[in-house]
Structures are given as structure tokens and as C-alpha cells.
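Look at the two complexes coming up: subunit A is in both, with subunit B in one and subunit C in the other.
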Partner chain A sequence: MNLTVALARMLIFPGLLFAVPAAWFFLWIERKATAMMQQRIGPPFMQPFFDFIKLLGKTTPARSGVSGLLMKAWPLIAVSAAAGAVGLLPVLPTSGGFQGDLILLLALMEVPSICIIAAGFSSRSIFAEIGSAREAVLTVSYNIVFLLAIVSIAAAQHTFRLEALAQLPSTPLRWLGVAAILVCLPAKLHINPFSLPNAEQEIYSGPMIEYAGPELALWELSHGLEWVAVTGLVATLAVPHLPAWWLDALLFIACSFGVVLLLSVLGAATARLAVDTTARFYWRCTLLFGVLAISSTLLMRLRS
Partner chain B sequence: MCICRRRSPWLFHMNSGSCNGCDIELVASLTPRYDAEQLGVRLEGSPRHADILCITGPVTRNSVHAIKTVYEQVGSPKAVVAIGSCPASTNVFIDSRTLDGPLNRHIPVDVFVPGCPPRPDAILLGVAQAAQILAEYDTKAPLVPTASATNPMEAQP
Partner chain C sequence: MNILAMLWSNLRRGVSTFRFPERPAVGEGYRGLVCFNSELCTGCAICRFRCTARAITFTSAKNEFTWSYDPGQCTFCGRCVEGCKAHALVQDGACPPVYLNIGELRHVYTMKRKVPPSKSATTIKIAALGPPEGGAE
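Here is the complex of A and B:
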């Protein structure tokens, strides 16, 4: 993959130009599904776009005692990392890729969480610091299972290349891995049973509390791009390879849409868990998933 | 930009010594029966995220400083909606020595929603009017407070 192709993938398809409308669409689906679960009508279709443009046009009130440059840098880093992660997804089956791009994708998907933690601590607000501490606990909890699942999938198919993973036939082992990833997604996207870092009723907006105007718009965008990246990853692993490229792309989008709908319904149907319950859930219950996946993969490799 | 401002008003709710009646009605306007999210309304946790400041209560002495601080924290363009009769006239608490009301002595108020408490539909109407004020805000103008509404209680002879 040369530089022009990489830039085109990051900026045009499936990067920013495609991913930003997709991010807004997913954010809308999340809000609309929640509203419909509560028998409301919910926001209009263009709502995330309206919110973004409005936030861009607002001024930022002065913050006292806070390093301004650092605060401005975190949302930018988060957005660019999330856009890079989306750019790596193989939406079109013949889109290239390189050996090890799965590892890069995982690293880039982790950057927004780290940025949120750092932003909360650098804003020096007590609510933001509590939110950041919760986010850190959450990250440590779900990532073990998440990474074990990904490693088991990659080890079972002998490749760390996304496109190869998308084209290989799926095995029962891979479905176990996808299930483990799905369990981690609500925590990764901060939706309801694990919406600890931005628990509005307890700590207001959590790490985002000191952000306003364009910076807040960038945070919303990075959250939307995270949605696109993680649902795209699930779709890559779950969708079977089809002969026609357009059918493949269509199924990819349909699968992402299904995952978004599933997660929104889960978010609307559940209440928030406390931080110790969340950590216990991931360390005790779902770790079993990850260990099962990785041990069966290792056994399979030893036998073959 | 005008359409976006009108269609996406985010609220910050502040209680300045209210009896909780108006606060409950404000929350009721977000429930499935009234569904303020159709207008793009989101109740935000931080005044920095908000466009419209919803203030309930007759403005006690202790809350004056907090009201001014929160008003400064809202990014421009912003609007203030005074919910209930208390911020407009201090209502039944008039002449109390613990009060420093009405609200428009301290910050410019754009929309008054009278009532004790006002119905959720009236609150939604007030928010929609405030969103219209935001949409008409001139972005090139210097950051001065917008023209405030006349207090309905003071206008009476």
C-alpha cells in the first residue's frame, strides 16, 4: 500500500468522507432506537448533523487554571485516531491492506479511550477526574476479554491481516470470538449497562465537562467514528465472503446496522451498573469467554 | 447555521431556590408524553455544553453568585428561559428578606414562562421561542447579552 492509496483510504473511502455521515447516521439510530423503546418519536434524522454544526459555531468560555493547548489537542488526536481506524476497515473486499493491520486497528481504536482519560485529568474538574478514573477501570476490565478474543480469532486463522480474515470461511471458534467481542462493545462505546464514565445523573458529563463549542463537537464526532470502527470490525469478522463485491459491501453495511440496533436496544433496556459490579462482571464472567476461546485455539493449533 | 441553532437547543437546568414544582414539570416535558427530543432538546449536565439556561425558583440570596457564574459559563450564543412565576415576580415569597429576585435584576432573561407551575407544553413553547432567538443571533456582532424580554409582572400597572 503506497502513500496515495493510504491517504485516499483515510480521507475518502472508507475514511472521513464516508465515515463522518456514517457516524452521524449511527448516532441518530442510537437515539432514535432509544426513543422508540420508550414510546417516544425521537430526534429528526438530521439531528447529529445539526448538533455538530451548532457546536462549531459556539464560543468557548474561558477556562481558568487549565492548559489550553493540551485540552485542545486531545479531541483532535481522538478524532484522527478513530478516522484512521475506520480507514483500515475492508469494506470493499479487494481494498488491499497489509500484514498486521489488525494490530494497528486495535491500537488506533484504543486511542480515543486514552484521550478521554487524559482529557478528564487535564481539565482539573473533580467530576471529570472521577469520570476519567471510571473510564480507566472500564478500559482495563473489558480490554482483556476483547484482546483475547481478537488474538484467538487471528491465531485460529493464522493471520493478522483484516482482509484475509474477512475472506476466510468462518469457524465455530470465530463465532465464539465474535460473541466475546460483542460482550465488550457496550463498555467500549459507553452505552447503558456500562455508561459509567459519562453517568449524567452522578457526575454530570464526566471527562467532557469542561469542553465546549468546537472541541465538544470533535468529541461527539470521535464517539460516532468509534461506533463506525467497532461495528465495522464486527461486520468484518462476522459477514461471510460472497462472490459479488456489491453484495459483500451491502451485507457489511447491513451487519453494522444490525449491531448498532442491537446495542441501542440493549442500552435502552438496561440500567447503569456500579463500577465495582462492572469490573467484577468483566473479570469473573466474561473472562471465561476469552480464556475458552484462546485455549481452544491453542489446542487446535497443537493438534494440527 | 441558523437552522442548526434552532433545531438543536441543549438545555441546562438550574434551580435557584425553587419549590421543585417547576423542576418536575421541566423533567415531565422530556418524558414520552411530551417528548422534547423531537425539537432536538437535550438536557445537558454541564453549562458549557448548553445553549439555553432554564432557571426555576425565586432567586435566593445564596444563589445569586451561582447564577452569575453559570451564566458566564454558557458559551455564546445563549438564551435564558425563566420557568415559573417565581423568577418573574418572586411569587408568594415576595418581600422575603432571604430573596434577591426577580431574576432579570441579575442576568438578561429572553423568555418568561409564567405559571405555578407552568404546564410542560408551555415550557416547550418557551424553549422553542428561545431557540428562535438563538437562530436570529448575529454571529458577527460582539458578544453582548441579547435584548431581554420585558418581565410580564413588571409590565402590569
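Here is the complex of A and C:
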């Protein structure tokens, strides 16, 4: 493990250079799968890239004061954090480099959500503020389950290190934790039925309403990187470690792809829920799932 | 579970939309672009009066008038065609073409005002025809 390898891993693979095309690819898969389920032809393969380039060419509205500066900063922070989270994924466990742990990955994955909340309030638009408030409620609701699931997995395997988790054999408790994480993913990625913070028809994309041009492009990129990070996390925990690195990487990609398809089906099959129903769902129904995962893990640890 | 069955059947049936610039086939009675026949137009401007989308404009001078049509503003409701007594307007039975610049499909016609038949000539013509059969005495 040296600095060069660590940098290469953060910037090239599975870092920024790999993550950005992967983010566009995942965004395309989600849009295309949804379109095909609705009997539409859907966007062409390069559409997310074209959207990004088109937005880069547009002018950003002039903003003054501290709120203007903050509005410019939030998408940059969100993209950096999401790219950092992707860089931590142990796609190639034997490659060495900086070995981030689950806690750092979770922290980085939470930064885009916090940035979205802050951006909405910085923009001073009523629609953005409503969207930010919804995002805050959603974050508090699903994160309890998400964190309980992660802690249960880490406690069951006696480690927080991502590489170690990727290499350890799967247990039933780990699968319970992965299932709990999967329940949280639609809310984390703002997919139906939990797309209330960026409801296009009701609040005109909520916190994004005042954004245009390169800043909006960065938000889109951040969203794509979030897709890569969370599906990658599920793949890391779900895919069994294989001796051949190429088979390992292939399985990792296939699992991420499967999760994207699963989430696309869920998004196409459901309608948006109201904020109170969403909060009730996570606090009443799904919380039991997380509690079950953590209590089972603790019982297993006490017995052993 | 019905929704999943529906999504699956949608996937199996294939797509029913088109990739740009391919256009769908249209059925009989399709209301497309408004086509103007300057030979038949009398310059009554009823089409301008009936056009609530303001796609048709009409400016009148002493000896000529200008009629213009902007498909970019047209809602293809067909009220102008219905109101045209001279049948100078018809609607195209195909999808409007794709255009890239604003006003590309706009048509402007400037025409000489047709001289209406004189009042005396009309009276003579009616007199020559005689009283209508079965008319009131």
C-alpha cells in the first residue's frame, strides 16, 4: 500500500475516472429500463453524457452574497463526497491502496443528502425549501434502518473494514442486513415511491429548482455517483469473494447491474408516497427489520 | 402484483414510440398544417377572427391584403377551416414537419384584393332569373 496506488485507486479505478462513466451508464440503465416497462423507446445510450455536456455549455444565473457562494459550493462538495465513496469500494481487493472502512463510506454517502438539504435552503425558493424539508424527514427516517443494518453486518463479521468484509464468507445475518439496506436504497436514491424530495410535478424538482447549467450538471453527476456507490456497497456485501480477480469484478458489476434493474422496476411499478406515509413506513414497518438484524447479531455474539 | 404483470406485458409487447425524427402514421381526418389556397381566398378574414391561438394574422390595405400563418402558434383546432366559406383553407393529413428555427414554417401571402361584383350588375342578374317558384306573392 503506497501513496501512488492509493491515488490511482481514488482517481482512476474505482475512483473518478471509472465512476463518472459508470454513473452515466447507471443513469441510462435506470431511464431505459423504466422507459421499456412503459412501452417507450427511452433515451439513447449516450444521453446522460449529452445532457451533462449540454448543461456545461449553459450559463449559470448570477448570484451574489454568501448564499450565492454556498449554492456554488454544495454541488461540488456533493460530487467530491460521492466520488470519494465510490473510490473506497473494494472492487479489486488485492490491489491495495487506501483501505477505507464502512464508517467513512457511510459518512461520504451521507454528504450528498446533507448538501441537497443545505442547497434547498440556500436557494430561498419556497419549492426548494419544501423539498429540503422533505429530504431531511426522509434522511432521518431511512438512515436509522440503514445504520442498524450496517452495524449489524459489521458486528456479525467483527470488522468495519470494507476489504475484510468483501473477503469474508456470507452468513444469514449478513443477508438480513443486505436486505435491510436494499429497503433503504429507493429512499436514498429518491426513486418512487420515495421520490418526494424531488417531486417534479408538485414542487418542480424541489431543491434543484434554482439550479441551472454546470451546477445542475454537477448535481446530476452526484446523483449518478450515488447510484454507483450504493449499488457497489450492496454488491460488496452480497457478492462472495472469488479467487480470480476478473471473476470477482465481473460478479461485482453484474450484482450492481441487478440492483439497478430491481430499483428501476420498483420505480416504474409504484407511485410517489406522501411524506407522512413515507416516514410511517420507515419508522413503523422497516425499523423492525433493522432491529431484528441488530438484535440477531447481538444474540449470536452473546452466544458465541 | 397486477402492476408487475402489466410491466412484463409491456416489456414483451415492445416499444410503441419512435426515435426522432421518425414520425408516426396518422389516421383519416388527422388535423395537420393549415394549407392556404390564395386563388380561392376572398380576404374576408373570418379565419383570423376564429383563430384563438393567433396563428393567423391578417392585415388589410386599400387594394391588397396580407395573410400569414405561423404553425408554431397553431393548435390545429381546425376552426379556421370550418369557417372558411370560400374553401381556401384545408388541413394537411400528415404530421407537421420537424423544424429547427423559429418561424421556419411561417407562410406569408400578400394578394391583390379581388374586386367584388358591382351592385347594379348583381341586380340585373337577379331580375333576369325572374321570381322564385313557389315564393310568397
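Structural remarks
Note that in this section the second predicted complex is superposed on the first by the 292 of 304 C-alpha atoms of A that agree within 3 Å, B and C clash if a C-alpha of one lies under 4 Å from a C-alpha of the other, contacts with A are read in each partner's own complex, and residues count from 1 in each chain.
Here is the rule we use: contacts are C-beta pairs under 8 Å (C-beta built on N, C-alpha and C of every residue); 3 or more make two chains touch, one makes a residue touch a chain.
Just so it is clear, the structure is predicted and the values come from calculations on it, not from any experiment.
With the two structures aligned on subunit A, subunit B clashes with subunit C. In the superposition on chain A, A:Met208 makes contact with subunit B only, not with subunit C. In the overlay built on the shared chain, the residue A:Pro243 is in contact with neither subunit B nor subunit C. Of the two partner chains placed by superposition, only subunit C is touched by A:Ala268; subunit B is not.
When the two complexes are overlaid on their common chain A, residue A:Glu200 makes contact with subunit B while staying clear of subunit C.
In the superposition on chain A, A:Gln39 makes contact with both subunit B and subunit C.
Of the two partner chains placed by the overlay, only subunit B lies in contact with A:Thr60; subunit C stays clear of it.
In the superposed pair of complexes, A:Pro172 makes contact with neither subunit B nor subunit C.
More residues of subunit A lie in touch with B than with the remaining chain of the pair subunit B and subunit C.
In the overlay built on the shared chain, the residue A:Leu216 is in contact with subunit B alone; subunit C does not reach it.
Superposing on chain A, the segment of subunit C with clashing C-alpha atoms against subunit B, chosen from 5-13, 23-31, 95-103 or 113-121, turns out to be 95-103. Contacts of subunit A with subunit B, set against its contacts with subunit C after fitting on chain A, overlap at residues 35, 38-42, 44. Touching subunit B in their complex are the following residues of subunit A: 31, 35, 38-44, 46-47, 49-51, 53-54, 57-61, 200, 203-205, 208-213, 216. Note for the complex: subunit A touches subunit C at residues 35-42, 44, 265, 268-270. Within the complex formed with subunit A, the residues of subunit B that make contact are 1, 3-5, 7-8, 10, 32, 35, 37-38, 40, 42, 44-46, 48-49, 51, 72-77, 139, 143. Contacts from subunit C toward subunit A in the complex involve residues 3-4, 7, 10-11, 13-19.
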